[in-house]
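Two complexes, one shared chain (chain A), two partners (chain B, chain C).
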Partner chain A sequence: MTFRLRKNISRNIFIIIFLFPALAGFCLFAVYPMLKGMYTSLYNWSGVTSAMKFIGLRNYTDLIGDPYVLKAFKNEFLVIFWKVILIILTALFFALALTRLKLNSREQSFYRVIFFFPNILSVIIITNIWSFVYHPTIGILNTGLEAIGLQRFWHAWLGEPETVLGALIPVTCWAGVGLFMIIFIAAIKGIPEELFESTIIDGANEWQQLIRIIIPMIWEQIKFSVITIIISTFGTTSVFVIAMTQGGPDNASQVVGSYIYELNFNQYRAGYATALGVVLFLVVLIITGITNKLMNKEIDV
Partner chain B sequence: MKKINAIKVLSVSVIMIMLFALLSTGCGSQSKNPESTGSSETSRQSSESTGTTAPEVKELTGNVELQIFVGGYGDAWWNEMIDAFKKQNPKLNVIVSMGPKVNTQMKTRWVSDDAPDFVYCDGADSVTNQHAIDGKLMDLKDYFDSTQAGDGKSIREHILPGMITQINGGEFFAPYIFNAWSLFYDSKLMTDNSIAVPQNTDDFLAAGEALKAKGIALMDYAGMYPGYLYFGFVEPQIVAAGGKQLLEDTMTGKPGVYNSDAFKNIIKRIEAMAQKGYFLKGTTALNHTQSQMEWLNRKAAFIPNGLWVENEMKNDIPSDFVMQYTAAPLRAAGEKVSLVGSAVSMAISANTKNPEAAKAFLTHIYKDSSVKRFIEVCGAPTCYKVDTTGVNISSQMVRSCMDVLADPEVQVVTPQAIYLTEVQTMMFNQLNSIVLGKMTADEYCANLEKEAARVLASK
Partner chain C sequence: MEQVNEMKMDLHNRSFNGDSKNKRITGIITAGIVRAFLLLWTLTVLYPLFWTLYSSLKDNKAFYKSPWALPEIFHFENYYNAFITSSFGKYFLNSLFVVVAALVLNLLVSSMAAYVLSKFKFFGSRIILLFFLSGTMVPTLVTLIPLFFFSQSLRLTEKLGGLVIIYVFTNIPFSIFLICGFMKRIPNAFSEAAFMDGCSYYAIFFRIMLPLAKPGLIIAGILNLLNFWNEYLIALTFITNPDKYTVPVGISMLSGTMQYRTDFGALFAGLIIGMLPMIIVYGIFQRQLQEGMAAGSGVKG
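Presenting the complex of A and B:
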């Protein structure tokens, strides 16, 4: 009896030793800033000195009346919506092409590298490259359009409110597709070949294979991808916005993260910015929960 | 086999724990002040010292820490000043934090009331009015009055009038580098296209038409940072139209000022320029360096900017580009040429542990010789008046700027108010909408009235 107890204790200690670094890191870098943020959201604080004044929930009531917050959330949801669709479709397309199209292994690995490459670039490099692609006079997009005679499609892509979000979304997708393509490739490769063979005998074509076999079998991965895209977009889009447009022109590309950045570093309203951060956190929580519920599907094989 | 694996796993986890512990102490040790032990000595010594009026006979000891941003004006002059100061004060330990990112690195120290003693307020994340409002900067009012410059006069008497600003009755910034946003152009482009430099806003718009015929835009600006357009193009016109009072009213949100003719006409001019296509196509998408490159490549004739632009772009200026500074187009006919003078300043932390040394360094760079050296090395005008005969000013642009400043007909105004943050943000952002034709001048001004009223009501 005591031997088993001792074994359990030593095993638990063993487990705690392994968990401790990650748990401590998580508490220090994730939980503590969150709690501190909730604390400072109750204060009027400039963010640059220690002078803080307690104002209770005033920041939150101000948020409700702030038209820029609404605009930021609207833009955020637009970006998420299109990002989910574009990334899932593109990643699925690439994954299918690389697994179902009978390519030899050299071609497969070549395309895998090409499609995954943007993922390993740092965001600053990506924003720099694409800022030059979209440059109104020397950018490859505008000069390319002029070269093939499509001057009427000339736009200051990052400088016009109608085009700016449409220009930012492909950049974020380009940067993110690789990871999900790899996930889908692994998932598709995990589907047993017998399933395909049996349906081919029954006379199913490629399209039916896709709908009846592949998609249901990788549904868990699709669900995971959708949720990951939604959660990660809230954090990463703001980096692209800050680097490429600063939220402009006139807040046309402002998203919640970039507005928080602007409030904190340009307007010295750190208390207000953290209040918006808390609201963002709650919104992400709710949306993740809803998405999870909506995508729960029972799979009948 | 199993035993070996377990040892491997355990050793890896021990290494991980050690690494993690190292990282966390590494982050923590930055907050520990290596100079805190030194400064406790100086506080004992400096409390025995007398007033600030005596010139530098008293020996300075202890530590003094300088926060110096390195940007468009470089670090050559700073290194000269610091080396000379160290030689004059051999017993003083001068700790220098210098670099392009120093403000961000020092940010947490300012938040935790452990700031360096002396700070050069320039660059991103720099010390600003907000630090003064929060009470973290030393009031230099007595310093300006009582500290003697080399000729027996006080430092205050040497500083251009109006440059020392007041915040809540205190004077927290020691103005050093003079800046007045205005328009820059290439005189070679103007002469090549036989266009005279416009002398008022009507001429300016006419020049726009002439340039358009040659395929050159009248103006471009950093669309990503529309503040450039506001500071460099709108503000001088505000002062020309209504003087310091009008400018201060637009900063404090006085009801009705944005709908006033004086202000609205300026926005209407921008509206007209946009409608007539005088702005460089796509300018709203450009950042500051991109807009400056387009201007250097002669795609646009004028650009609103500050006096650092020559230094900032020095590697990209074409050899035949003759950069000039002008404020003449920024006033209606009959109004005075006007500039809004501002200063890049120095400041001393309110919690400094060695105020004597910090003030001594400030006095050191306010010496005539130091100021003249600055003009020579950095090519920018200063707020501290010196006799510039014999000072080697190599830049044509700086000389053209100093000519404008020396012109008695030009009014240089330094507002004593501070902008309402939200109103200023809207002022900047909406300019892009005007330039894109998405907003009218009436809407621009009406929105500002509403926003100012809202902000003032909520204070």
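Presenting the complex of A and C:
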């Protein structure tokens, strides 16, 4: 009895010692800042001085009247919408091409390696390279348009409010599509070959096979990818925007994350910025819930 | 089964009929179009990188003359300029220190927690795991600003060591999730036998669990290596002293000053310096990287 008790005590001590560093660090550097953000969102605070004035929910009511907040959310949802469509379609297309087209295995792995490659690059490297693609005078896009005689389509792609968002979205897709291609390839390879054979007997062509077998069989992965793209876009697009356009010109490419950054580090409105952070957190939470629900429902039908 | 084979034979025979000849031709055409798309995307991925590489060997004059032409004279001194004049040598060492220190600490702390959470049943163990995982859903910008002020009050900003601590703990949930998955699959028999032989839990962790979970540790390690080396936003906000810049911050600062002091050669050399280590890592650990990112995409957010 005493032996077991002693054993239990040493076991518990072990658990505490091994869990403590991770738990304490996570609470300190991830959970606490979030709670602190909720706290400072109730204050009028520049972030530069220690002068803080409690103003209750004023920051939140101000957010409603701020046209740039509306603009940032609108842009964020536009980016999400296009990213989901473009990434899922392209990734699915590539995954189908690499699995159903009779490529030899060397060719297959060549494309896999190349298409995944942008995923390993830093955002700052990607944005620097693409800034040169979109450069008004020396950029490949404008010089390319000139070469085929379409100069009237010239734009300062990142400098004009009408084109900036349309220029940013392909960059984020370019950077992300390879990962989802890999996910889809794994899923398609997991479909039992007999299923395809049975539909060939029914006389189904490749297109019907796609609709009747492949899509339903990899629906879980498609669902997972859509949710992943939606959630990760809230985190990553802002980094692209901060590195590429700083939200400009005239807030035309502002997304929520980059606006938070701008409010805090350029406008010194830390209280207001953290309030927007709390709102962003709630929005992500709600959207995650909704997409989970919607996607599950669809699969039941 | 026999019937199926018969039908397959029938199908095979039918493909020699004129009716399916058209089908086969359209099949070849479709395959051709699909291949064209694959090649086009290969070009979109490889050309920007190739362009960065050869631009890093041109001087300003050659770059302005034609940004898309191959260099006539190879200016390898651009790399000397990048390393010495633009301090990329220093940034490289800073990045290396941060990445290695953060990697070692992150893996140690997370694998300790993962061992406890995967192999010990105790009150609240599931809730703690879910608690860690929920941290991965929060966009960086939600916590970045409170985290910045909190770190400032702890005097962790402007220090590479501070960056290490932030990287270790903000990336913990993902590592725990991954390593947990691998440790769960290790049969209990090993540790039970060792326990009977009088091994302590600590010895079991270091001598049995860590070696057996090595594939998981490698995947988690490589993904963190990539994250830490490429991390831009936190380093940008935490470090303003040029002596402590990491490579991504160095790149962003160099490209930010391009309006006043142009040295395209050094900038492109900097981009190459920034991506080369990851290209090497990708070359060696391609499979683990793809696998790990696919597994982690859902939790990383």
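Here, the second predicted complex is superposed on the first by the 267 of 301 C-alpha atoms of A that agree within 3 Å, B and C clash if a C-alpha of one lies under 4 Å from a C-alpha of the other, contacts with A are read in each partner's own complex, and residues count from 1 in each chain.
Keep in mind that, in the parts below, a contact is a pair of C-beta atoms (placed from the backbone, for glycine too) under 8 Å apart; a residue touches a chain by one contact, two chains touch by 3 or more.
Keep in mind it's a predicted model, so treat the numbers as computed, not measured.
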{"item": "Touching partner for A:115 - first (chain B), second (chain C), both, neither", "value": "second"}
{"item": "Contacts of A:55 with chain B and chain C, given as first, second, both or neither", "value": "neither"}
{"item": "When both partners are placed on the shared chain, which of chain B and chain C touches more of chain A", "value": "C"}
{"item": "Chain B versus chain C as contact partner of A:97, first or second or both or neither", "value": "second"}
{"item": "Which superposed partner A:245 touches (first chain B, second chain C, both, neither)", "value": "first"}
{"item": "First (chain B), second (chain C), both or neither touched by A:160", "value": "first"}
{"item": "Contacts of A:33 with chain B and chain C, given as first, second, both or neither", "value": "second"}
{"item": "Chain B versus chain C as contact partner of A:130, first or second or both or neither", "value": "second"}
{"item": "Touching partner for A:265 - first (chain B), second (chain C), both, neither", "value": "both"}
{"item": "Partner chain(s) touched by A:18 [first = chain B, second = chain C, both, neither]", "value": "both"}
{"item": "Doubly contacted chain A residues - partners chain C and chain B", "value": "18, 21, 25, 28, 47, 131, 265"}
{"item": "Touching residues (chain side chain B, partner chain A) in the complex", "value": "13, 16-17, 20, 24, 107, 110-113, 125, 127-128, 130-131, 133-136, 223-226, 281-287, 290, 294, 299, 421-422, 425, 429-430, 432-433, 436, 438-439, 458"}
{"item": "Residues on chain A engaged by chain B in the complex (per definition of touch)", "value": "17-18, 20-21, 24-25, 28, 46-51, 62, 131, 134-137, 142, 154, 156-161, 245-246, 248-251, 262, 265-269"}
{"item": "Chain C partner contacts - residues on chain A that touch it in the complex", "value": "10-12, 14-15, 18-19, 21-23, 25-26, 28-34, 36-37, 40, 47, 93-94, 97, 101, 111-125, 128-133, 138, 140, 143, 174, 179, 182-183, 186, 197, 200-201, 205-206, 224, 227-228, 231-232, 234-235, 238-239, 242-243, 256-258, 260-261, 264-265, 270, 273-274, 277-278, 280-281, 284-285, 288"}
{"item": "In the complex, chain C residues that touch chain A", "value": "4, 7-8, 11, 23, 30-31, 34-35, 37-38, 41-42, 44-46, 48-49, 51-52, 64, 67-68, 109-110, 112-113, 115-117, 120, 122, 128, 132, 135, 137-147, 149-151, 165-166, 168-170, 172-173, 176, 200-202, 205, 226, 229-233, 237, 248, 251-252, 255, 267, 271, 274-275, 278-279, 281-282, 286, 289-290, 293-294, 297-298, 300-301"}
